[in-house]
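First up is the structure itself, then whatever we jot down about it.
Going by the order they are written in, the chains are A, B, C, D and E; count residues from 1 in each one.
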Amino acid sequence: MNPTTLPARRHAARNATLATALGWVVAFAVLAGLPLLLTADSHKFYIELLSKVMIMAIFALSLQLLIGYTGLVSLGHAAYFAMAAYATAMLAPQSGPGNGWVLLAGALAASAALALVVGALVLRTRGVYFIMVTLAFAQMVYFVFHDTKVAGGSDGTYIYFRPEFPVPGEHLLTVNDPMHFYWLVWLGLVATVAVLMLVLRSRFGHALVGIRHNEQRMRAAGYATYRYQLGAFVAGGLLAGLAGFLYAIQFGFVNPEIASWHQSGNAMLMVILGGVGSLAGAVLGAFSFVLLAEWFSTLTKHWQLLMGGFIIVAVALLPRGLVSLPSVLRHGRRRRRNGDAGSGTGEAPAEPRSHTEAA
Amino acid sequence: SASAQTAAPAAGAPAGGKIKVGFMLPYTGTYAALGNAIENGFRMYVQQQGGKLGGREIEYFKVDDESDPAKAPENATKLVKRDQVDVVVGTVHSGVQMGIVKVAKENNTLLIIPNAGVDEATGPLCGPNIFRTSFSNWQPGYAMGQVLGERGLKKVVTLTWKYAAGEQSVKGFKEAFEAKGGKVVKELSLPFPNVEFQALITEVASLKPDAVFVFFAGGGAVKFVKDWAAAGLKDKIPLYGSGFLTDGTLEAQGNAAQGLETTLHYADGLTNARDKNFRLDYAKTYKLQPDVYAVQGYDAAQLLAAGATAVKGDMTRKADLYKAMGGARIDSPRGTFTLSKAHNPVQDFYLRKVDGRENKVSSVAVKALADPARGCRL
Amino acid sequence: MNAPATTILEAQQLTRRFGGLTAVAGVDLTLALHEIHAVIGTNGAGKSTLINMLSGELPASSGRLRLKGEDVTGWSQPRLARHGVGRSYQRNNIFLPLTVRENCRLAAQSRAQRAWRLWESAQGCRTAATLADEAMERAGLEHLADRRASDLAHGQKRQLEVAMCLATQPVALLLDEPLAGMGAEESARMLALLRGLREGHAILLVEHDMDAVFSVADRITVMVNGAVIATGSPEAIRTNHEVQVAYLGEEEDEAA
Amino acid sequence: MDIVSFLIQCLNSVQYGLLLFLVASGLTLIFGIMGVINLAHGSFYMLGAYLAFTLAGLTGNLFIAIPLGIVLAVAFGYVLEWAFFSYLYERDHLQQVLMTYGLILVFEELRSILVGDDVHGVQVPALLDGALPIGNDMTYPVYRLFISAVCLVVALAMYYVIRRTRLGMMIRAGATNREMVQSLGINITVLYRFVFALGVALAVLAGMIAAPVSSVYPGMGAQVLIVCFVVVVIGGIGSVKGALVASLLLGFVDTFGKVFWQEAAGVLIYLLMAVILLWKPQGLFKAG
Amino acid sequence: MNQQNPAAAAAAPMIEATGINAWYGSSHVLRDIDFTVGAGETVGLLGRNGMGKSTLLRTLLGHVRQRQGRIVVAGREVSRAQPFEVARLGVAYVPEGRGIFPSLSVRENLLMAARKGCHGRNDWDEARVLDLFPRLKERLSHGGQQLSGGEQQMLSIGRALMTNPDCLVLDEATEGLAPRIVREIWAVIATVRATGIASVVVDRNFRSVLAHADRAVVLEKGRVVLSGPASDLAGKPEALDRYLGV
């Protein structure tokens, strides 16, 4: 699916939507089922790894909303991730487990508030300038955590007790059990995808896509684009906050580096690698980025060579990211070179000109 | 050199199988050379024991920590949970170390720190399963403070990277130096790993101190020493530092480093037989000169051996294992050392002077210096 | 004087400077309901800049703007647009990667934004769909509805440009050379459309096609170098000597 | 601060600023003017430093190594553009981000495999190995003055070529409309390949010239990369003059920031960038 | 007025294209088109919106990658050539949408294109172009982005002339120009024609086209449906009505 192309033919669109929905259901079912296979003690690690990958997927999804749908290429997205993680660490009681729901609310509020303030300022700039100003603000956040003693300075700080998630009546979730935590993250991912899908099919989402392609025209049509963009920016920050919160409770350790530009850069790479303008792309990007690095590093100590090579090959062969792999395989590479100038900057969505081709 | 030994599919190792050692070290990035040296040292000792410790063979697992603290907990988890190692050996970078300590404590996995000096690891975060064969950041600084205090210097400026290793090093220095009646008149710093020193060098010169004390390492150390000399201050204001300033960097520093004095727990030109053999073997095995990092790796293996031998290879007898390790006397190339209550080496600190390509020992700055282990409740 | 009753948009002494250049110098202009008001003038006379100011896209350096009697000087473009000021662009300004229908739908959706209704599907928005279909039909684009805008020929893009303006249901239409790039047939169709729209709208038409201008305009304003040199009925303008010299050229050779 | 120290600090600022400009100049060309987001620029800088180390070792003199290195760099850049960049122009800029990130990883590992991970120094050429006394107890190395001179020459040459020559106009034109440039009879493919190579050569030159003062170490490229982007962006993308002014500005802010406001030394350049861009969203000197 | 240009008959054709087919993706836009422009000849290209006029021009100039057929320009086969090679054979292009370089000033837009013609011809220089478009003279240091639509159009034509072409390809070159300027443009085309420069003109005003061209070609859905001397076509209102909708 690719909501960048607001569906063309109703009929085809409905089929595509169905196929997409089915794809997500299957993917989530597989993810939910995996722990049932990974039961051995030594498999615990893989459960945790998958949890972490899903957290990164949430993070990438939150950025996809900005990059892929709103055209706001932020290189400071780690700031909101880190803000939530730090908020979690600082709100968590020292003496015993905290209430997870309360911490979650605190973390999300903190990251959304930060995104609101930063967004209100950075949205004055565009393009590469926007990239760099978001980076600048993220670096400021980084240095605040790094150079002041609010939360352990450069050493970072610990969450000594994993929070509990009381469900009315009982304590269904105890995240000390990696399995429970896994499902908590799973739930987070499902919720994120669902919310984003809803947002993107709404008028708000369509307006964002319009703004991404031509902001001037949207203003001429009567959209107060600044408010839309700010809304998207805060939503992106909020979801990044969800990822940051989950990260903090998974590892119980936060360090300024999670706010560094490397972290922001990684999220951006996941989005691009997977495919700009596609939710599945963000998830795919996160999974492949983390898991491949994982795998390559078991092969050789020069694993980054493999990673670099993989990325280069992916860019060369899959201009629309990993999500386009199936369609590229299907259509062969016949039209890879066809993209005639005039069709714009290559910002074309993942299913280019399928209608003209059918014509 | 030691080739990559990688994770076998994790399966519950049968008792009496191999001891699983997990290296969590930087194999890429700025500290890659240090990570390699540590691994080399470790492997060499094991080799010398015929590949066995406590009667059991050793199986290695490796994770590249990339010196990235953000990935530290996850990477450490890899070794602990996926590979289910008996002992984690790592790492170089203090920030990453904090993450490893956290994971080790949570899982009660044996951890041997072969470099990172972050004071907390053997301070507030100390634990029965956490050991260090290197130093605490406080230590080399303290030793230098002692030396300069005894030399009767009064007015000293400090200069460092603003992060754990630098700040703690300066703290140690200040403690000793001011106890001896000196005064640190100004503490200058710049963000890690910034290497634009010129402004600060000028600032130091304008303060006209009796001496400066610095902490820098690796590429930054090379550049600092060269900039210092180029600014014409080398013969005007004496420059002192903790040993990392001139370790593994002399080739690059060239003339600019000649005559510099530093304090560290290791030096060139030590006279003990242990060191002579170590150096010969190392040079033979790896076609490289060993450095302090190799020594620390070597000693990490020795410390593990001490424990493994005591429990006859049964790594599940944790209490006995830790007890034996805590009480071990390590016959290190640096000279014999024991461990403090908090499991940090109680060791001699040498005053060294750069001579050609060597950090020649000139004297023992402080004998059997123990980290105060503030905040440790062991 | 019953002008105020039907005046929709009114510019008073609008001026715009770019550095040392005064692109629009103290222009007074009114757009009345049920009227097509053409603005013609030499290249670089400031017609597009005027439209930019009337639509709020560019702030005026000085002067005032009134919409239905209300002072709207300094209003943002989106706000003016929501109050009924719509414009088309001289140079295509469309959503290239989207289909023609989506282009129009997005424009139309601005009539019913309701962004907070996240649970509602945009496709399900009747208002937008109807307005979009209507706009496409009026501009003669129905057969191209599912084409990507980037795949259109130039003239078709020009049609889309106008369709998008129509889709926002403006009361005041500011059209910047809507006929440019259109073939004879499409031009004729567009003119018919304009005549049809005259009822219920106030239209400002910037155009260099004199046949077209003289055939539909109720009133014509002529600009040269930022200033208005003449304004009046088509006949008056056609015979105005100054206009002849500055804009039309001495003799018209093939105008009908 | 007394007047002498103040003057010396000013000198330091200018010197650091100029060095920054030298490193950023190649980025101005490739990113600012050609419009390619090139994260691998830092790697080219690192490549230069290692080339200086290797070639100076082989030839015994940095001044022989530099021209040699530049020739190699141009050839390298030319091939690189052909292999990895030529098909990216018509794609989304973000593809370039990904591609150049992949290249960073590859370069970094190749370096590790070929030259190892050790820190190296490069000898200052004997000719320039002197120092000038400043004030009572400081000296100023002649080599640093030499670097400054090179920077100024590069800045002037770049400004001239890009602003004043037809070649410069073609390059700038190509960034916005390749098809039209072709229609004017210009072989944009070769032109851009060549300009890219030139950008690489500038980075390599910067790395080689800076090697004696900066030393040569793994990861040195990453450190300098972000600062270079900051320079190019603050100055206004594509503006040589802007890059020069921004470099000097950063030089001053960084130098005096370290002295007067240590706690914020790290954050200062970002603060500066944020303030400037919020005030002038297109940078100080918008090109064109 | 419509007499054959004497230069046209003498030399080899400027552009000779046979069996041209072109595609965008899988949509087949041009079908078996034969198209010739004699040396010094002015050819008008007509057709409704979207019939393939621009595509034909862009194909001849090498901009459309998916193409078939044989194209010879100034005696050289360029069927698979790159656009810059075609341009160097003396073909200058004024594209629809103008293609002004926004980041270059007006003067730079002109200067970067300046070039001697194939036969060493050098009649057009900055001064002459500015004489033709005095409006541009006042805007010389302005950025291309800041020009009004018509000014951009002038600049685009001026820029093409700066290459001293043997053949001028004008795609809707009068779009957005004031009537007076339009007349000047047609005068330029006439001048150009008189100096033996060939041109291909696409313009919405078919009367002007027929008045100034030697020959005209009408396209419909990517095929040539009508072609012949301009004067002949002018006398066939019913055909024009059918294919152009007038």
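Here, a contact is a pair of C-beta atoms (placed from the backbone, for glycine too) under 8 Å apart; a residue touches a chain by one contact, two chains touch by 3 or more.
Because the structure is predicted, anything quoted here is derived from the model rather than measured.
K.L.:
Within the chain touch network, how many edges lie on the shortest path between chain D and chain E?
P.N.:
The least step count works out to 1.
K.L.:
Starting at chain B, how many touch steps does it take at minimum to reach chain E?
P.N.:
Step count on the best path from chain B to chain E: 2.
K.L.:
If you check the contacts of chain A and chain B, which chains show up for both?
P.N.:
D
K.L.:
Centre to centre, using CA atoms, which chain is the farthest one from chain C?
P.N.:
Following the centroid criterion, the farthest chain would be B.
K.L.:
By mean C-alpha coordinates, which chain is most distant from chain A?
P.N.:
Result for the farthest chain: E.
K.L.:
Please work out the Cα centroid separation of chain A and chain E, and write it as a whole number of Å.
P.N.:
Measuring from centre to centre gives 50 Å for this pair.
K.L.:
Averaging only over C-alpha atoms, locate the centres of chain B and chain C and give their separation in whole Å.
P.N.:
It comes to 74 Å between the two C-alpha centres.
K.L.:
From the mean C-alpha coordinate of chain A to that of chain D, what's the distance rounded to whole Å?
P.N.:
Centre-to-centre distance between chain A and chain D: 32 Å.
K.L.:
From the C-alpha centre of chain C to that of chain E, how far is it in Å?
P.N.:
29
K.L.:
Which residues belonging to chain C are in contact with no fewer than two other chains?
P.N.:
If we look for residues of chain C contacting two or more partner chains, we find 151.
K.L.:
Please list all residues of chain E that touch 2 or more other chains.
P.N.:
Touching at least two other chains: 24, 27, 63.
K.L.:
Residues of chain B touching 2+ other chains?
P.N.:
Residue numbers touching two or more other chains: 28, 162, 191.
K.L.:
For chain A, which residues count as touching chain B in their complex?
P.N.:
Chain A residues touching chain B: 40-42, 44-46, 48-49, 52, 143, 146-147, 153-156, 158, 251-253, 255-258, 260, 262-263, 297-301, 303-304.
K.L.:
So in the complex, the part of chain D that touches chain A is made up of which residues?
P.N.:
Where chain D meets chain A, its residues are 37, 84, 87-88, 90-92, 94-95, 97-99, 101-106, 108-110, 112-113, 178-179, 226, 229-230, 233, 237, 263-264, 266-267, 270-271, 273-274, 277-278, 281-283.
K.L.:
Could you pull out which chain B residues touch chain A in their complex?
P.N.:
Residues 4, 6-7, 10-12, 27-28, 62-64, 68-70, 72-74, 77-78, 81-82, 84, 94-95, 98-99, 102, 106, 118, 120, 162-164, 191-192.
K.L.:
In the complex formed with chain D, which residues of chain B make contact?
P.N.:
28-30, 32-33, 36, 162, 188-191, 193-196, 198-200, 202-203, 205-206, 208, 218-219, 222-223, 226-227, 230-233, 236-237, 248-249, 251-254
K.L.:
Where on chain D is chain E touching in the complex?
P.N.:
166, 169-170, 172-173, 175-177, 179-180, 182-189, 238, 287-288
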